[in-house]
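Next come two complexes built around subunit A: one with subunit B, the other with subunit C.
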Partner chain A sequence: MEKAKKTPLLHISRRMDVPRWEKIVIRVATFVGAFVLCALICSLFKWGTFFNFFQDLFGSLVSKSASKPLRSLINTLEEMALLLGISLALLPAFKMKFWNLGAEGQVLMGGFMAAMLSKFLPNSMPTALATVIMLVAAVAGGAVWSLLPAVFKAYFNTNETLFTLMMNYVAMGVITCFIRVWNPEHGTLDSLSTGMLPQIGGYSYVINIIVVTVLVFAMYGYLKYTKHGFELSVVGASRNTAIYAGINTWSVIIRTAVLSGALCGLVGWLIVAGADQSVSSGSAGGRGFTGVLIAWLGNFNPFYMALIAFFVAFVTRGSSSFATEFLGGNSSFPKITIALFFFAVLVGEFFLNYKVHINRKEKKQALAGKEAK
Partner chain B sequence: MSEAILELKNVTKRFGSVTAVDHVDFTLNKGEIMAILGENGSGKTSLMNIVDGIYFPDEGKVYVNGKEAVIASPLDAFKYHIGMVHQHFKLVDTFSAIDNILLGEKSSFSFKESFKKYKDEYSNSKSGFRRVLAALLFGLKTVSLPFAFLGNALHLNPLRKNRGASIEKIAATYGFEINLNKKIKDMSVSERQTVEIIKALYKGADVLILDEPTAVLTPQEIRRLFKVLKEMKAGGKSIVIITHKLNEVEEISDRVAVMAKGKHIATVITKECDQMKLTEMMVGKKIELNIKRSEVKEPKLRLKVEDLDYVDHKGRHRLKHINFDLYGGEILGVAGIAGSGQKELLESIAGIRKRAVGSCLFYDDGNIVELMHKNPNIIRDMGVHLSFVPEDRLGMGLVGSLDLVDNVMLRSYSKGKGGLLQRKKPERLTEQIIKDFDVKTTSSHQQIGKLSGGNVQKILVGREIASSPRVLMTAYPVRGLDINTSYLIYNILDEQKTKGVGVMLVGEDLDVLLALCDRIIVMNSGHVAGIVDARTTTKEEIGLLMTKSEETPTMTEAEAK
Partner chain C sequence: MKNKQIKSFLAALSLGVLAATAASCGAEKGLGPVAKEDIKIGFIYIGDPSTSTYDKNFKNAITGAMKELGLKDNQLFEKTGVSDSDASAYTAAVDLIDSKGCNVIIADSFGHEAHVIRAAKENKSVRFYHASGTKAHTEKLDNFSNAFASIYEGRYLAGVAAGMKLNELGGAHKLGYVGAYNFAEVISGYTAYYLGAKSVCDDVTMDVRYTSSWGDEVKESAAATALINGGAQVISQHADTYGAPAACKEKGVPNISYNVAAEEGYENTFLSYSRIDWTEYFKTVINSAVNNEKVPYDHVGTLANGGVVSDKIGKCAAEGTAEAVATAAAAIKDGSLKIFDTSKFTVSADKNPYGKFTVDADGHLLTAYANVDDTDEEYSKETQVVENGVYEESAKRSAPYFDLIIDGITEVK
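Entry: the complex of A and B
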């Protein structure tokens, strides 16, 4: 015998039926672990700030001004709503295994269309009408931006991942170009002249939150209870099966991708009309990519995605205020904590799906066998 | 008794909660052919994968020539002179047979020895100018040793002559008739299998394991393979053949180990056992091995296929001028080597292959409908009762990630007005199928991909029959199923036939086709080689039709262009 090979120490096997309580325990542990990890990083940057991080994290939900006690909470929810809206827009496309990475561009085009119309619509027009026109234009803008890759995918089977990704840069270029023409001194277009969304109860952003909340339920129902939702999940599972079942695959692909782009355009409208009141090439702020992660980590379940989106917004705002307080407003710091948060969620997913065994007994046996020789 | 060359003691392998191999003891003697018999999923292949080092056992020990062996990879297995031919061949399509066999050979380059060789050359050289030249050469060669090593490691020597000589010698010893310079992609299945066997022998295997070697071969090829195996046995090799076919066990093996549900049931000497007893051990109870074949009553024309032609998107001519009729009340078998166009034929009729041309008339009690150039949804909307159980169950017939109810409504979901799905009826139908076919599932909302192969097929067949078809097309409906479910499916097909349905059955087991069908279409590289009466023909006749070639493969390629 040349050499007795040891059995591997770690043995990973797939878990099939995980009980519900264990799932909840693992997920809660994941989130707590993520916060602790972030806090540890904080102490690394500045010694002794371990608990300050938690203070800032939860403090970001509580408003300091007495007149508007919900201000901070609504700000967090608003950030969550935008992220969630984009990931919900991506959801039908992802369910169809159409990897739409162009949310950033679709959102931008939606927002740009809204802002551009606001610039050209006459001021005499009633605000409600202007709002509706802007909304329709935004939805159309987003839809067109995803229609192109979808048509190529359906007819020529091109790779939608690369196509949609490149469309982001085209969108940014288009917007930068128009800003140069219309407003050369600034990096953004002028503030909206009409079509802003009104405040509700003295708070802005409330409409954004309401729209996205409705969208969560609508998307859940669309995917689960409609023929469209059924068709797109069959097309996603296997195009052969779809053809066998008599589904017109190319029309499903185009329809779903356009829906995805249109909803991205809707979010773009929310950003411009409901929050920023203007548009620049950075209006989407990377949310189009964060939305992809949220959809994946939320297991393509709208409600779980909402939870993840909330935590992302929560961690972002918490660590921003920590950065302002301790790190001189370092804007890279929230990015680090978000990355850690995503990483922790991924690790949690691993333990939800796999079990790690340690082969102690066999190792001992192998050692005993060696000694015998 | 002769000595044991390979011994497994108390071997166990688990996958999650499934125990694939459950405390199995197994002994292979020198110079014998041993069959491992068992149903699909009984752990035959898993057991042999442990011997070949693909799986590592959770418990138990492997002994080779009486000594304990740790086999953690196929490379280790070759160190112990064990070679395995898998059911799905592991060959590189674009390489020639020789390259495939030489692939993965360890380079035997040694710095020390090469240096010594160069030094000897130098010291043996003559004096004077030549010696200076030799010294120069010696220095150059020494400096370039690392490059020589690299070249050797990368096998940078494709032009080396007679590199296949030793391989050809092995092939000749055992009487393999094969051109080893042919590319794998140009080879037939049987030739590929031969290459795999030669590969194992070239690497010095004394123990050869064959996983279901006959599944893809014609009767003639099987006979040739068995002849070679017997020759190898005479040459002192030990052979394990995994199979679930009883007549092959009787024909070739000396002993047979029967497995069921991961457990080793018994090992018996083949001569002392009969088929009935073996089946009983394999299935765990006595079962009737007769396939019911009802007489054809009042045949009515159901399907008339005329001049059906299909060229796929890569330009390969898959179906060539197919003509046949299908009658209600008969089972029409379709036989042929795998990939002779059986799949394309059924899919063309079902409307899945859009490029198919020709005519396919569907007769439905007075109504005559042309099926060609129509999508499955158009065919369905015209009220044509055409059911199709495709070969690829979870890749075409069903969606593995959806639940049972969603799969049952896959072909009928678009019925009913409005954009919402109507799940009530499919739910009832699913419950009915589960009850009728005794489907083992936790509920009708279980993900179908989590069911076993037999239960998946029951749902698929159940759904297709539920639409009360006039024509039922099935492709390999019992592939991968246990014996009980297989016979259940045969009975269902016969029952449909007695109801006046025209049944088409693409099969791979000729014994079954001969016992179940009324007529058999034999396909051969895309055309109909003959239509025979299943009651009077023989396996040999069908085998000949399957392989007889009037045109060479090169011609079909030229045609494709």
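Entry: the complex of A and C
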């Protein structure tokens, strides 16, 4: 009798047709699970704070200030908008399978161009004109920073992952160098002298939120309904197919990468003109990398990405509020909860896409019996 | 399916916009008295008090002041690691107000200032205090004040201790100083330190090395070692780590520390120290909220009002050091000793290419201009600060502005 082949205890298979209701259930369970996981960690740090976490989480959306009741919500939406803006900028490149990991640097160069122009534009220039000039410069700055890797990718097929990653550090170096020269006593450039975005309804950041909201729809439309969007997805699926179909792949690669960089530059402008009013080598604050995660976890769907970005901002600010109340304002705590959140979402995605089979003994025996016959 | 997504997204959005318009008509109240038990203090630190001596010094002071005035621990809300190079300080401040109901906000880093001012303008009923900033006297807001301390007084006393030690050691009478940057804050400190030493040891000289960082243990240690190899007999520093004290311990050279007395573990080389004590200032801050009083735009902590402390002498100090320091401290307190007395030092043009000053035939300052108003683009030195033979440090604003390299001090590049 032949000996049965040894089978592993578990094996996984790809799930092809998950019904819509199951998708929704799994995703909702994922998010709820993520929050519970975060709350458990809170109680680990300080016993008995399980429900306080939820209180602070939802409390971070509500402002106690009588004159600015929406400020907390807007601050959360602002953080969400910056993250979402960057992940939207990465989206066309990612759809083309051009792995742009240089968002951090492209955002920085955009912000830096805006801040630099604000420094040199004459004070007599109307603010609106200065704003437009700074915006154009920021978009150009981000575009140039992705143009270089794109040209090398298109003509020499170099690895864009490493190239764009490297450009991040070049951007940081460039900015540090200029700050040393222009403002040696400080770690940032001077506050903008012109081109700051105004408050709306007494709230900062409203323009940032509006711009990114428009971008969500624009990007959805661009990818779904335009010729460009179709071409870049074909190039992403197979460059050879694209060539046979008569698509000029070089121009598509360069065009899409430049668009990605330009939109990163736009976010850089939002950060500098709409929030920080200055620039430093840390202005992007790691959002360029978090944006990559959000694009992936959002399944490259602008609306789902918006939801993930919202949750990231929500958890970050909620746990920061929790830390202020219970952990002496520890700034590392939000990093722990956000890592748990991402972990939970990843686990959820895994169960959406794969099925785990447990190989029971009886089955094995049955199998073995069949073989014996 | 996609259309539905878009629709619900739009619906949520329009709801938000509606709420925003409805809510934007609330009225803004001004400052008013706050009962002691209703005070909620929001503290914004650049670093983490558990690892940074700079932030630790603030935390000790605020908790000490609260305890003395009978406030409870849960009236303090903190945000640590708040970056000073982006808008984080603004967000931290408004979050402390919005979600915790804080009515007093204190920020501790120079770079927080612009963002804290933005929050102060938006929250007229909340009091804002900022340590080390420069803009309160030009912004003229009812609810925003700067504070610093004339730490040069403490440095001077530490310098006296160093000078006494040089007299005992004999030899070249040379001091060494590890500075973070060549900023006024650092220069003002080491000049006072040097003048303190000079008051008891007339032929003293001093070498200064910069590390270009506020906290880099390796660079500070290396700079101290280089100074010792260059003949420095006593080392002091203006930086946040234990790099220089450790190098001094290894070489057996006396050390004078800053912010924290580097005594424990350094018993054989600890000579003296100085620090800013914010406790008194924070008590003023809390009391002013209770009594609805205005704190001046610039508060300067001094030796006389307890804002500056130099209260420890190590066992390696020369005989008579405690007495000499006490005499100098008394003279500073009663005003008879002016530290930046222009007859006590000389300045030459070749060491100060960017300085704006005039001197008499012997090199003593007649006039000097400083950058007091930090608002102008070019950081121009617009204010004359020598009055009645004294360079009036910290008189025009709380943050230091003395930035001349005086004779006897050499910057080693």
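Things to note:
Everything below uses one rule, namely that the second predicted complex is superposed on the first by the 350 of 373 C-alpha atoms of A that agree within 3 Å, B and C clash if a C-alpha of one lies under 4 Å from a C-alpha of the other, contacts with A are read in each partner's own complex, and residues count from 1 in each chain.
By definition in this document, a residue touches a chain if its C-beta (ideal position, glycine included) is under 8 Å from a C-beta of that chain, and two chains touch if they have at least 3 such contacts.
All of these numbers come straight from a predicted model, not from anything done at the bench.
In the superposed model, A:168 lies in contact with neither subunit B nor subunit C.
Of the two partners, subunit B and subunit C, it is C that touches more residues of subunit A.
By the touch criterion defined above, A:316 reaches neither subunit B nor subunit C.
In the superposed model, A:208 lies in contact with neither subunit B nor subunit C.
In the superposed model, A:306 lies in contact with subunit C only, and not with subunit B. When both complexes are overlaid on chain A, the residue A:131 reaches neither subunit B nor subunit C. Counting contacts by the rule stated earlier, no residue of subunit A appears in both its interface with subunit B and its interface with subunit C. Within the complex formed with subunit A, the subunit B residues making contact are 15-17, 56, 67-70, 72, 76, 79, 350, 352, 375-380, 388, 390, 392, 395-402, 406, 410-411, 413-414, 419-421, 450.
Residues of subunit A touching subunit B in their complex: 1-2, 4-5, 7-8, 13-16, 225-231, 233-234, 237-238, 240-241, 243-248. Note for the complex: subunit A touches subunit C at residues 56, 59-60, 62-75, 77, 185-188, 190-191, 193, 201-204, 206, 213, 216-217, 220, 224, 271, 275-278, 280, 282-283, 285, 303, 306, 317, 320-321, 324-325, 328-332. Subunit C makes touch with subunit A in their complex at residues 2, 5-6, 9, 13, 16, 19-21, 23-24, 26-29, 43, 45, 48-49, 77-87, 90-91, 94-101, 110-111, 114, 118, 122-123, 181, 183, 377.
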